[in-house]
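Before anything else, here is the set of structures, which you'll find just below.
Here come two complexes built around chain A, the first alongside chain B, the second alongside chain C.
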Partner chain A sequence: MITVKNVSKSFEGFMALSDLEMNVKKGSIYGLVGTNGAGKTTVIKHIAGVYKENQGLIQIEGEPVYDNSFIKERIGYVPDDLYFFGSYSLKEMGRFYKGIYPNWSQERFDAMVARFGLNPNQKLTRFSKGMQKQATFILTMSTRPDYLILDEPIDGLDPIIRKLVWKYIVDDVAEREMTVLVSSHNLREMENICDAIGIISGGKMVIERDLDELRSDIHKVQLAFSDKEKAEGELESLNILHREHRGSVELLIIRNRKDEVEALMEKVKPVIFDMLPLTLEEIFIYELGGADDEIQGIIF
Partner chain B sequence: MRFKASYFNLSGALIGENIRRFWALSVLSFIGYFLAGILPIIFSYSRLDGMSWQIQQLLNNQYFPYGFLHLVVPVVAAVILYRYLHSPGSVTMVHGLPLTRAKIFNSNFLSGIILIVLPLIVTTLILLLLVKPVFAYGGTEDLFTITLVLQWFWQSLIVVTSVYGIGVFAGVVSGNTALHMLLGFGFNGLLPALYSVSLAYFNEFLFGFDGISRWFDLAAGIMPYTKAIQIQGSFSLGLTIYYIAFFLVVLVTSSFLYHKRQLEKAGDSLVFKSAGIVICYLIAFFGMSLMAFYFNTIPLIQEMESQGHMMFYFGLLVGIVIFLYIGRMIVSKTPRVFNRESLKHLVVYTLVALLFVLAIDFDFTGFEKRLPKISKVESASLTDLEFSDDYMRYDPVFFKGFENEETNRAEFIFADPENIIALTNFHQGLLDNRTELEKNEKYWSSQSLAIKYDGSGIFDMARRYLVPRSIISDSKDLKEIFESGEFKTKYSFKSLAVLEPTWIRVYNELLRNSTVDSYGVKTINNAKDIESLIAAMEEDFQKRTWEQHMDTKAPLASMELAFSGIASPIDERYGHYSDSYYEEENGIKTRIMPLVIRSSDTNTITWLKAQGYFEGLRIKGEDISYITVYHENQDFYENEAWTEDTYIYQEKYGVDWMDRFPKVIIDKPEDIQMLLDSYITSGINYGDTYYGVITFRKTAPFASSLYNYQNGMQGGEDPLKGGITADYNIYFDSENLPPLLEKAFRSAK
Partner chain C sequence: MFQLDSKSRKSIYEQVVDNIKEMILSKVLRADEKLPSVRDLSGTLTINPNTVQKAYKELERLGYVYSMTGLGTFVSKIEEGQIDEVLLLNGKQQMKNSIRELYYAGLRRDEIMDIIQEILDTRERGGAK
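This part shows the complex of A and B:
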């Protein structure tokens, strides 16, 4: 488990992180979402042990991360800003990583290189940006990390490679209970992958939720009643976050358990009753209960 | 976070990778050492004596290519190994690795040491294989030995590791590679530069500050690189310990700062705010000093005799403003620094700088007036006894008891309490006459005197003053010292390191320098004669007074004593002369002591006359046709005509260049003799001088030996009386002009 407790960080008077709290459960995929400059990379660099916090604590399995080589051996970090030793090929970088990381798997490395179709003997500086990202991903995954930290990993990757990347990640999560922290500025992208989401803005965690928990609690229903007045009274027992009239049909966003909703519908017997899937975006919009400029900026 | 020093915390993988990445630096470095030093030795291997100087320079680290490599290679190593700190991508990648900061720092540091030391080791091994006896011309010391090669390796090791350590320190405090490189080189000279500039201030403002000589050694000695360039030979044990300690301090400091370094500042000029302020102020300091000293050379008002330090302070303030802002631009990485923050730094720095300069100018520490407590002085010394024509007679190389092997002319050290008191009194007298000394009106005859006191409770009591000759001559205290038993014993002919000269020569200085065959030189070879002459000279020396010693009149004659078997350690090491002449005859090395014979040396004169060596030592008036005395004064040069080139003047005006000057001709024999007996050879004011050109009669016995006769330059018939001029002038100046000449020039106007 990754724990970030009351972490603050300033850069020459500018507060990059302010009393940030974050929790990433073991074996989960956590999506860290925020606009540019929100502090995503900063918090990720703290978790990866690159930066030291001014205040607060960052721990993995109860151990502080900063300057802790034993913990860092188990962390795989793919930064946004890539760097390789000058004139090194992928193979040579692999050799270096092999010497540094005790859990390095040469078999995996070779398999992934072949799978991604990269030339291991070509200089990495000659790779395109997307290929460099793939190379970094291969190197990182070959260290067989228990904690994988990805900073905007799939920018610049084509859809096929993206799918491949996520496949590897998901497989490792399933097989080894690898914990993943991935940052993005795109909520829609995180939707299908993440188990939990945190939205960061201005260095602060604005909202942090398990997606399942969210989804089980919030529903979008379309209703139409023959006796609207009678139904209205029954509906008051629900926690309605949002209500919209579209002619004779009503669109409701309800925060109640599904069985509760279904039981009520049995009672009021609407003419039309559809339970529709909610996007993550919609969940967050209605969860926050109104227009929030910052969040609007993130999710639209 | 607690700082834990764990210098053995290393990552073999990182070190190995660094070697793999940067091995080319070691190879290139070795190629440099090989091509510049080893290859020439191999090419000249059969006749290495011809390369003795180069080998000596190389093994003393005075060889430019090696000096260049010793500086550049370690700094480049530091830059390439630590440049990952200077960009966000690389610093993230490296610090994202499962290595502690200590491991990263230590491993990179050790990698650099390996890279820079390996070429040295290989070079040393090759040199050791090439070692064979090599001697300088005239030297007896082998200059290419195993010991010297190993000394070179050890000294080079100290130098390159220190330069590297400083390069790493520069990398830790700087935020980009360009500044890292600049500071890597700059910091290696920073302390000596700061020290030297401070010395320049002390020298400028502090009356009596002896800034040039020994303090420069200290400045160079602060850093091993500058010391290696400056000295010949290996570092002393004390220096070696100091340099090792210095290296360790730099290492520990760099490691500490590395732990404190905020990685997010990669790309900024400087990572630590305090470093930025220090760099900015250093730039301002050097810049203001440059401007101040430059403006100090510009006269504010041309006719103003003394402008004090007005221009200095003006330049200082101009320099502060310009260079502080330049410094701010450099550390802020922007030209837009004209803001309140910079103004605040300007005010702070100006106050600090002015305080520094004023503290020196007004001598807050009382340096200028300080004299030691006599009870604490164990010995005192006075250097540069160059008061008279025969100053080389006091070269310590000829005498027993001079232990200082590093200088050719050691200090004359007093231990006699009375002499110490006399010297202190003399010193006090100089302080009392400060105004006169500072005016230095009689600059032509001023002597630079260094006074030093030593004792267990004394620190830094060394002073140097430019003292007019008149003060020296009239000094009762120096008289007391010169006429003391201590002085007379130390420089007695009985205290010679070799008591019996091989030969003695006596000669007429004027004729010796005017004739092709050194006319009139007489040589005494007989051992008994030499012994009795030395005895006579000893008597004269013991009775000689200070006034006689300081007499500016030309000596009666000159003398040389030749000694064999006196070895100067400096000469033996380097195979070249010291100031005392060094003549090789039949394979025997001879060292010559030049002296003069004064008119007061009555015993010596009596002996020479009795033995028949005096004949020809003095020019007779009857051999001279006339003497033309010219009066040359600096004031004449305000007239444009005076400054014209010799030949242009002659063409334009149809007269000889020298005839521009007022002149008189002295042709009466008794007047000529008076001039010959009274001309001076020291303390001459060349700004207002009277010089006499002697025209000899053709009937003079040495006429045909005169250069001018031989060369036919000015010989042959002359318009006046026929004669040959000597290629040697006699001098007077306005302070000791004989009344005869004074009257003659007055009449000539």
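This part shows the complex of A and C:
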């Protein structure tokens, strides 16, 4: 369980996080999404214990994270910006990790290095960028963390390796109830793997929900009526977030339960009625694209 | 076991529930057969184990499967003629849409009835073999 409570952080007067709230349940795969500069990496660095908050509380299992080595040795953190000691090979780096992390599994490390097909004797700095990311992932997963924190882990990896990375992650979630916090811009992939989603913007949490719940109460609806005047009044009872006309067809984004919408349509009898759940990508753009009709016009 | 459609607008959760339901109704999975464990299924499909868990719970609630502590999840005996409310509702909705389109196409009531009759006849003949 990761708890972030009223956390604020500023860098030389720039408010990176303001009053941020976030809750990640044990055993969950939590997707953190947001526009560039929204504060994703900053939150992640707080939770990983790299930054200290100016204000608020960051706890894992009720304990503060910063400067807490008991908690930190149970966290696996794969940052977006990787750093390696100049002359270390993957094998030597493994030995270094082994000395720090008590849950280190040499067996798993050897198996993963073979599976990913990396040369353990090559210097890490001579690896390609994607290979460095794989190496960090292998090292991190070999510490058998209870909390895995990944900052844009899959961006830049090929589809075969991505699948392999996710497979290792879901196996550990199923087997040992590992908790995963992952940030990414690949919303389709997040949608398929996460069970909870946090959308942040301007250093604040905009929406934090169970993914299936989030998707079940926001819909895209296309409507056309033979008697538009009459139907208009009935539509007012819906919670309409966005509306536009495309010829005689109305396109609505509404936040209502599916059965509520269907019951109403039963009454107003549109000649065209088509309802689709929104994808995470559409929810993201709707929530963060703001009132900018031009952006929304492109998407919906 | 089955494939997921990553392009579908249906959530992974719904896809898992629907796929297993279909396999049970079409008797690909037989009564008392064991479903793959949460871990196995999430591993093979590379999906969130919590989603699989939730799907299994929903299938149990709907009466398609039963679980035995420590042993796993098994397919229930589906009685002949047992009707799934959700399936019925969806089917009705789809029929309504199709019939509406036939009306727009200018067909009369008896012509539409003929079409339905024909579809049913073909289906029953096919099923009798």
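Methods note: the second predicted complex is superposed on the first by the 241 of 300 C-alpha atoms of A that agree within 3 Å, B and C clash if a C-alpha of one lies under 4 Å from a C-alpha of the other, contacts with A are read in each partner's own complex, and residues count from 1 in each chain.
Here is the rule we go by: contacts are C-beta pairs under 8 Å (C-beta built on N, C-alpha and C of every residue); 3 or more make two chains touch, one makes a residue touch a chain.
Note that this is a predicted model, so its numbers are computed, not measured.
Placing chain B and chain C on a common chain A by superposition gives a fit, with no clash between them.
Once the two complexes are overlaid on the shared chain, A:213 sits clear of chain B and of chain C alike.
Between the C-alpha centres of chain B and chain C, as viewed from that of chain A, the superposed structures give an angle of 160°, to the nearest 10. Once chain A of one complex is fitted onto chain A of the other, the partner contacts of A:227 are absent, as it touches neither chain B nor chain C.
In the superposed model, A:175 lies in contact with chain C only, and not with chain B. In the superposition on chain A, A:63 makes contact with neither chain B nor chain C. In the superposed pair of complexes, A:193 makes contact with chain C only, with no contact to chain B. Once chain A of one complex is fitted onto chain A of the other, the partner contacts of A:158 are absent, as it touches neither chain B nor chain C. Taken over all C-alpha pairs, chain B and chain C come no nearer than 27 Å in the superposed arrangement. Of all the residues in chain A, the ones that touch chain C in their complex are 27-29, 163, 166-167, 170-171, 173-175, 188, 191-195, 211-212, 215, 271, 276-277, 279. Across the interface of their complex, chain A is touched by residues 1, 11-14, 16-17, 21, 84, 87-93, 95-101, 103, 262-264 of chain B.
Listed in rising order, the residues of chain A touching chain B in the complex are 11, 45, 48-52, 66-70, 72-73, 75, 77, 79, 81-86, 88, 96, 99-101.
By the touch rule above, chain C contacts chain A in their complex via residues 4, 6, 9-13, 38-39, 42-43, 46-51, 54, 100.
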